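Below, subunit A partners subunit B and then partners subunit C, in two separate complexes.
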Partner chain A sequence: MKRRHALRALTGILRREMLRTLRQRGRLLSAIIRPLVWLAIFAAGFRSVLGLSITPPYQTYVLYEVYVVPGLAAMMLLFHAMASSLAMVYDREMGSMRLLLTAPLPRWYLLAARLLASVIVSLPLVYLFLLIARYWDVRPPVLGYLAMFPALVLSGLMLGAFGLLVSSISTQMENFAGVMNFVIFPTFFASTALYPIWRLAEAGPVLAMIAAWNPFSSAVELIRFALYLRFDPVSALVVLACLVGFFLAAVVGYDPGRGLWSRRGGEG
Partner chain B sequence: MKALSLEGLGHSFGQRRVLEAVSFSVAEGRMCILLGRNGAGKTTLFSLVTGLYHARSGQIDVFGHSMRADPAAALAQMGVVFQQQTLDLDLTAAENLRYHGALHGLAAGICETRLREELERLEVLDRCDEPVRSLSGGQRRRVEIARALMHRPRILLLDEPTTGLDVPGRRAIEQHVRALCRERGIAVLWATHFLEEVSADDDLVVLHKGRLRWAGGAGRVAADLAVASMADAFDVLTEAA
Partner chain C sequence: MQVVIPILLSVLIIAGPAAAETIYVSNEQDNTVAVVEGASMSLSTAINVGRRPRGMALSVDRKLLFVAVGDDNRIDIVDLAKRQVTGQLPSGVDPEFFVVHPDGKRLFVANENDNLVSVVDIASAKVIGTVDVGVEPEGMAVSADGHYVACTSETTSMVHLIDAGTLDLVDNLLVDTRPRAASFSPDGKQLWVSSEIRGTVTVFDTTSRAEAGKVQFEVPGIRREGVQAVGIEMTRDGATAYVALGPANRIAEVDTRTLAVRRLYLVGQRPWHVALSDDQKRLVSANGNSGDISFIDLEDEAVVKSVPVGRGPWGVVIGP
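Then we have the complex of A and B:
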């Protein structure tokens, strides 16, 4: 693999991803409105019901809106990853995925480039959301926005790699819709995005255990800590390990010799 | 040198055998028609040749590069037009071609020159800044052929490229591809189930139920099988077995 060729391909994939994202206004709009609805309606309603004790990384009592914002940022990444994964399944059923896979570059590289491009285009929206959230008095330290960048990238990659894996094993769109329901909602609700672990433990130890083991929780905490200028090494390790695991499994799924395609075909 | 060579190619999906010991080759600069009814295994053969997945058995070489051992070198020689339409409908024709150019490592300047050249040759340059969605089926096909030529491949593979087009659209595509073969010396593998797309000068490969039924000059097939016409020959080849 020549470095210049690889770089040009990455740039091309990124440019395509940006153009596609910008032209899908509806998706763009719903991606920013979704977390705002959660923040403006759900969080406002819960504010009075849900008392929060001091939970790291916060050094004082915080409003529920403040607690929930990093979780909502992670939710944006999760939805984006799943939408991008759906686009991959769509591309594959429609055939345009073949164009990517017939490029004269190693397949793992093409998949990684696609993954990275997808994460990069999702980040401006997350920052836009965080900016708007300041209106609800969610005002983390300014440096926190910078510090959370690597946390967002790493979390986005991990969730995107999971989406890639799902797309490699679901051969039909119909299956995929089911997978979305079974993946997105449990992942989101059984995590620390909306409630801290100790709150979940009060509801039930099983739920708390699931949330503790849920890699999405690690992504949320990694982002939360980074936003308040702290580093959560355990979450970082979990996210990194999951990224590597999901990506390697996805590469196997797309492998010309071992993947599902070679066994099922999918086209005449 | 052979542009494409298939040796004992076999594949199955689960228990279902879709290709059985298929061997043939496409000579450099020649037009080769891969003829077969629906379900003959043409698309599977294309998937294997383009490296989408590996064959269970057999060997594929593109200008001497093994598809299994060195897929990147083989793919670099290959331009592909898939049966399904593979353009991004929300992107313009030019943007689609730029994306392809980038995937093949073309520098931006070369990319721009070539995309104009190819779109002009296929007579779609005037529509290059419109979203692909607004183009007709025939125009989209021509954009796809232009795209497949961006990286100057030495062999062009087309999987039923005229399906869904009207008669003038089909003719236009066929003429363009024949001109490419003649003028630029590009080898062509053209899969189809339309007998009328075969010309007597072409090389012909007939595939039926995953097996190779005939390979040779298209002009010879009727005489070899002692029948009156190419249509009769095709019937004979796809009825038995």
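Then we have the complex of A and C:
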């Protein structure tokens, strides 16, 4: 793998991903509307739900709107990762990804490039959402926006790798409702995106335990801490470990020779 | 580099006064005055005082802190350098709140159970006079020129104007139910009185003694009964007033010209009193039910930190 060759492939993949995202106006619009609906309507009803406690990294009492914004930013990454993994299935079946995988570059590299490209195109929307959230008085320190960039990239990569894994082992991922029900909703709801652990513990210790072990919670907390200029090492480690784990599994899954792809009855 | 150094220096100079300040909080249920460092916003120690400390005020030279200890029927004198009680003053029965007269020699104390305002001479440690007021006097204020002292009586729902020189009761003005705190505007032209039950602040013109306006508070998502006005603090330029809204867990920022609420700050539970820093850039609220104080950065318009200080924080004073 020559460096120039690899770089050209990366920019090519990035460009393709960007063009495709820009062309999908509906998806772009829904990606930004979705968290805003949560913030403006859902969060409004829970405004004072956190008025009784101080949850790190916050140093004082916060309104629910303030609490939920990092979770919604992570939700944007999650939805984007899943939509992107679905596109991957389509690509794989209709040809462009298949063609890409025949390029004289390692498979892991192509998948990683694809993953990185997908995360990068999703970030401007996340920042747009955070900017709009200032209207709801969600005003983290300005440097926090910068500090959260690596957290967003790392979390985005982890969720993207998870999406790759899901798409590599599933036969019927064309069905978005299935992904919503079985992947996105449980991941999102059983996490610290919407409620802090102590609030979930009130509902039941099992739910709190699931949320604590949910890697999506770690992504949310990593982003939340970074936005308030703090580093959460445990979350960072969990996200990094999950990224490596999911990615390796996805690479195996994408290997037509020995992965699950071939076992699915030569449909690929 | 030549540009950077002056900028750094000016930052240090600007940061100087804020860094030097100390916040004193009376913990009603702990019988202590918590000492919080202004720069680090962290609790450094607690000074033991008499039982049920509530109202507090600095001496004019800012070296002593007077603390009304209601259940011990006296006022404790805390030496701020030594951080301990070094003396006591008589106060009459159950002192709740008091003011230091600008002459630096006298305290005007509200005696909640005796329907009196006691005047205490600091040097001789003697009560040198009393003024009869309404039932359950609580809030106290003194005008900047030292001419008038105002006292609110909770049960009578009145504010009483006292001539500080002759100790005559000059006027009694009806206000909304259960008045708590009073504050003169820095120019002495207005008197603000908060009503706990109505959740309003009534503004009086001190010359005509007529009502000049009323501040109403609304907190989204909180029923009207939950919005109660208590402590008031006005900026030195008189342009802004901060009002603690008790069980609404908010501090309201009020434009004193239009009487409109500019914004609400979410703080801990049941803030009683608020205090402005010397540079007027920071506000601190004492939150009675959550046992902490909240720091509000007024330049950033944001609550930056809440620090646990003890049980039942009530009064708050910012000193050197």
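Heads up, the rule we're going with is that the second predicted complex is superposed on the first by the 251 of 268 C-alpha atoms of A that agree within 3 Å, B and C clash if a C-alpha of one lies under 4 Å from a C-alpha of the other, contacts with A are read in each partner's own complex, and residues count from 1 in each chain.
To be clear about the criterion, a residue touches a chain if its C-beta (ideal position, glycine included) is under 8 Å from a C-beta of that chain, and two chains touch if they have at least 3 such contacts.
Predicted model, so just to flag it, every value in this text is computed and none were measured.
Chemist: May I ask you to decide whether A:Gly26 touches subunit B, subunit C, both, or neither, giving the answer as first, second, both or neither?
Modeler: Touch partners of A:Gly26: none, neither subunit B nor subunit C.
Chemist: What's your read, subunit B or subunit C touching more residues of subunit A?
Modeler: Of subunit B and subunit C, more residues of subunit A lie in contact with B.
Chemist: Could you look at A:Pro233 and tell me whether it touches subunit B, subunit C, both or neither (first, second, both, neither)?
Modeler: neither
Chemist: Touching residues of subunit A toward subunit B in the complex: what are they?
Modeler: Residues 1-2, 4-6, 8-9, 11-13, 15-16, 19-20, 23-24, 94-96, 98-106, 256-257, 259, 261-265, 267-268.
Chemist: Given the complex with subunit A, which residues does subunit B contribute to the contact?
Modeler: 13-14, 18, 38-39, 42-44, 47, 50-54, 71-76, 78, 80, 82-88, 90-91, 95, 98-107
Chemist: Any idea which subunit A residues touch subunit C in the complex?
Modeler: Within the complex, subunit A touches subunit C at residues 47-48, 51-52, 54, 59-63, 139.
Chemist: Would you tell me which residues of subunit C are touching subunit A in their complex?
Modeler: The contact residues of subunit C facing subunit A are 220-222, 249, 266-269, 290, 294-295, 302-306.
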